[in-house]
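Structures given as structure tokens follow.
Each of the next two complexes has chain A plus one other chain: chain B in the first, chain C in the second.
Right, the complex of A and B next:
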């Protein structure tokens, strides 16, 4: 179901029919066509101007500022002072930042794997064409379009730490709990992860479902003839057929995971006891609450470098896939 | 046993009673897991919930008090702010994307690769990474020296150029047949007429995709409004949820009523334009 398959053959107002392409006036028309095709040199730039100006203002200038600020002690009204790599060493040597990096990686990896595993299982269970299935799929997909702020507030209430909180009541049915969830340093990280997986898994499910339609049906047939079990069929036909979907989905989710902010900010804001502090919540606190803009900027540049490295890996992988 | 309906697990083939029951149980479990919490939110918004422990998917009474209190707390104002941001944000984002897409897809000009790379590069610079310097830039825009902090415009303009939308438009416009354009050119049409009267009307499916994705993307914004808003007069609804929750006089029922208002628009947009959404996912997910 790619865009390319969308049907451009039925334009509502397609302008003059192609048949009109004809020679009128011989050489004169040729010249006119040529000059028209080229147009004035600045026409394309006029079309591009809004996009480029907005990108310049809100992407490139801030990025350049981030880099310069990361080498400065930022003092509003007093003028900034160059401090060389001091900010970077402050960041890299701070125990809090290293903790935050570790938490971020744990959260990103856990959420990515969790959402992919659950999403793949859901896709296998929900593959098919019936109407009822379509309804279940749409309902399961809803968490993806719910704003993250709502997701976080809702789960805060569900995670209520007393024994009669919603999820604790369910745990009690299974003879477990009560858990402190986001209020307990031992379970806070796992709780955020579960919330993230709840929102991420249906997204992955949709991508896998799209991928499943492209798996060669003939191979399933062949597997059946060979007497393969359901499990073997999934293991040896479906999974290899979705290899590129797995790898791209994984790395993109990992990149998104590195810059996780909203759910952590709203669920725990790094607490309790710093047990869920991630890079972005730390940068937010440093830069915007404590006004240590230079140190915060250094953290942001490091985060950007990590994202850049992962992105380069994606591109290399994709290039290899397409070969 | 037709090939086209065969699935990896082959679940749809099972016609036995046991198979059917198993399927029903699985679907029910999935529904409970993913739609259950949202159902609890819906029930809670209309219920008399004074305490987080009363959250349940079983309705216990019906009241509009939560919404009444929420409106007293200024939720209507926040909702209008949100609509303002998403309305103008989407208008800006779609206009920017179709214009840029036209140049990148239909034109050959020196510097084209550079422009394309610049657009691609913005994909790697999300608000999160730029948060700190972006708030500095917004406080004093270079050259023009506007201060956008505390204004709704500050939450809109940084979202204007979204690489995803531009790339979707570019890819789609590339596939519009050349013949139509050539014919119009011979008739003397300039670039702007060709863009507006020939290319754009053919791009409705792509417009649907960037419209739906743009809407959910802008509606879901949190960090950017957080950086820009200075006081409650410029809060969007997602931002206001936290303030409501922290207020000791506000019950969880009120927070849920406000949350329901915050999720309805994007859910409605999703349900109405599901097709665009799904087709965009499969092409867009692989672009980030």
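Right, the complex of A and C next:
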């Protein structure tokens, strides 16, 4: 017995239908088909219920709570106190907020484009069917799989600021350095960016590789027949063919870029001299380290709004372009 | 279709409203039951030696008094988890946590006042320790059970090789740091050693935490009390500026602090000292077991910090027992606090070889040398008694530590920065923080 039949309040369906066939055959058959295809109104909800309930309790309710908390001074034991937009002004007027926003944008832009350029180059190099390429691709993909904490520790060792540090000894071969890398306010930002690109590029490479398979081989041949050079084929065939891949990657990377936290927290925690302070590390300091959850929530809401706006803008641009 | 969609939306919305309106009234006054087991939270790694120590202390307490205790060890996100329990209005009965947490916990209303009249041996608790458990209004909200202070670790083999004496003044200290940096004390023919290991990252305010040993010894201060629980910023006083300048010269001029210090918190700094990359390190006693194992007890020595321009004040820290609000067994809470600071409790807490609950005893009638024969512990206990100084119990010390750490980190990372301008800016930030916490001297 199906669930449908168990419901006594269900509207008439299969049962009485044959009698009506004589008079208004067309309409009844129509209704019957519709009801059989659609089932009871709550059937889809029933199937959606597990996912909805899980999302409700672990996503939507916490999100609504976070928004509420952002307007409160959170003191769970004494009871939360409404403070209006105080938390927002604490975040917005905090020392170094503007610098943090600027650093976040610089880092996001640098990492996004750096990782996309490197990922694209890697994808072009590693496109193909050869079995050896599979191994090389997996090897190149490793940075994405390694936990960020390990990556940060690795790079800290490589960035050792004296002449016997790993990267510094390479720089010395070229007659440069030694650089302070993450320990020097002038180079810390670039150093973190390089780490981010190193980690992000292979991910982009994988998506580019998937996109490359969809580019029509015939176009390459046609271009070659027309006398296009290798560079021209990339410029005029591959890149236009990957337009949708670029925009997806751009959105993903930009969102990731705005939320950048782990590598900065582990490598410099915003230092030296605040040169790498980003929005998330600032929110972490103001909200979580100081145990002011309302302030932390306000910062998170601000970041969410920024991400939302960015996504909507990119979507609008894409839609306009496709028209 | 239309109808079903609205029903779905309605169900979602009502569920949301139901769940977000469950916060009840605050400040529950629980019915007392002296048989109820006491729930004790301690900030230490679960499964580690610290938890074992707490369990042993609890067992001794149960045996001595008959109350029941359930120990929970939590390390990561301890404060967040406490907040979650606060939201449920069901706090643990007792919390053992850092002494500096008193301001935050008290201002959140999580603590109940401790009646010293009910603590049998409260007269035997060391003065500055007892003071660290007082809130701004002078009431007792925390009871110290363990203390620690900083002392200077020196690579003994390096010092002997270069024929130097243990430093007695800041000048000696700077000279030794310079010698360790330039005279190749490890004899490998390479210029790869530094005088002082220092965690100067901004993470958790390490730079400020470390620098306080030098700032206070010079007579400087982060913030100064002006009386009646009011404070004013003090980072531009001559003594503070002098301390900052001296410490900065150590890094910028003598290059005697380990390279990369400005992005290092304690784990990499500990490794710097262990790996023989730095010859001195100012730390608390809790690292001795680790260094004995990794470096060897014969390779380094523990001496008191040298005297600065003013005195040899060092940072004192420790852990306290906090009696949490809303407990249904207040008699049991008092009994535990009383036991923890008693001679018996303090001795119990010092047992074992690692992960002691009690580092340096706070009970003045307990002689550390009787329980721990290692004379290095005596050095630490002496440093604590003579020169230990706690951070003040303002409502929230974290922002003060954060902004000072940012400034120290900036001045150490960028040797070209104008020190006076930076410290003036820091004072302004400190003034804002004090004002926000309602403790600014007008």
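The criterion applied here is as follows: the second predicted complex is superposed on the first by the 255 of 323 C-alpha atoms of A that agree within 3 Å, B and C clash if a C-alpha of one lies under 4 Å from a C-alpha of the other, contacts with A are read in each partner's own complex, and residues count from 1 in each chain.
In this text, a contact is a pair of C-beta atoms (placed from the backbone, for glycine too) under 8 Å apart; a residue touches a chain by one contact, two chains touch by 3 or more.
Keep in mind it's a predicted model, so treat the numbers as computed, not measured.
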Chain B versus chain C as contact partner of A:183, first or second or both or neither: second
Which superposed partner A:233 touches (first chain B, second chain C, both, neither): first
Comparison of chain B and chain C by chain A residues contacted: B
Touching partner for A:156 - first (chain B), second (chain C), both, neither: both
First, second, both or neither for A:138, with chain B first and chain C second: first
Touching partner for A:285 - first (chain B), second (chain C), both, neither: second
First (chain B), second (chain C), both or neither touched by A:311: first
Which of chain B and chain C A:72 touches, first, second, both or neither: neither
First (chain B), second (chain C), both or neither touched by A:252: first
Chain B versus chain C as contact partner of A:268, first or second or both or neither: second
Interface residues of chain A shared between complexes with chain B and chain C: 41, 44-45, 52, 57, 60-61, 65, 156, 160, 162, 164, 265, 288, 293
Touch list for chain A against partner chain C, complex: 41-42, 44-45, 52, 56-57, 60-61, 64-65, 68, 74-80, 95, 156, 159-162, 164, 182-185, 265, 267-275, 285, 288-291, 293
Residue ranges of chain A touching chain B (in the complex, touch as defined): 1-4, 6-8, 11-18, 20-22, 24, 29, 32-33, 36-37, 39, 41, 43-45, 47-48, 50-52, 54-55, 57-63, 65-66, 69, 122, 124-130, 132-133, 136, 138-143, 145-150, 153-158, 160, 162, 164-166, 198, 202-203, 206-207, 210, 212, 215, 217-218, 220-221, 230, 233-234, 237-238, 248-249, 252, 255, 259, 261-262, 265-266, 280, 283-284, 287-288, 293, 296-297, 300, 303-304, 307-308, 311
Chain A-touching residues of chain C, taken from the complex the two chains share: 1, 3-4, 7-8, 12, 15-16, 19-20, 23, 25-27, 79-80, 83-84, 86-87, 89, 91, 104, 107-110, 190, 192, 201-204, 259-263, 265, 268, 325-326, 396, 398-399, 402-403, 406, 409-410, 412-414, 417, 429
Of all residues in chain B, those that touch chain A in their complex: 3-12, 26-27, 30-31, 33-35, 37-38, 40-41, 44, 52-53, 55-56, 95-97, 99-100, 102-104, 107, 109-112, 115, 118-119, 121-122, 124-126, 128-137, 141-142, 157-158, 160-161, 166, 168, 171-172, 175-177, 179-180, 182-187, 190-191, 195, 197-198, 201-202, 204-206, 209, 216, 219-220, 222-223, 227, 238-239, 241-242, 245, 252, 255-256, 259, 262-263, 266-267, 269-271, 274, 278-283, 285-286, 288
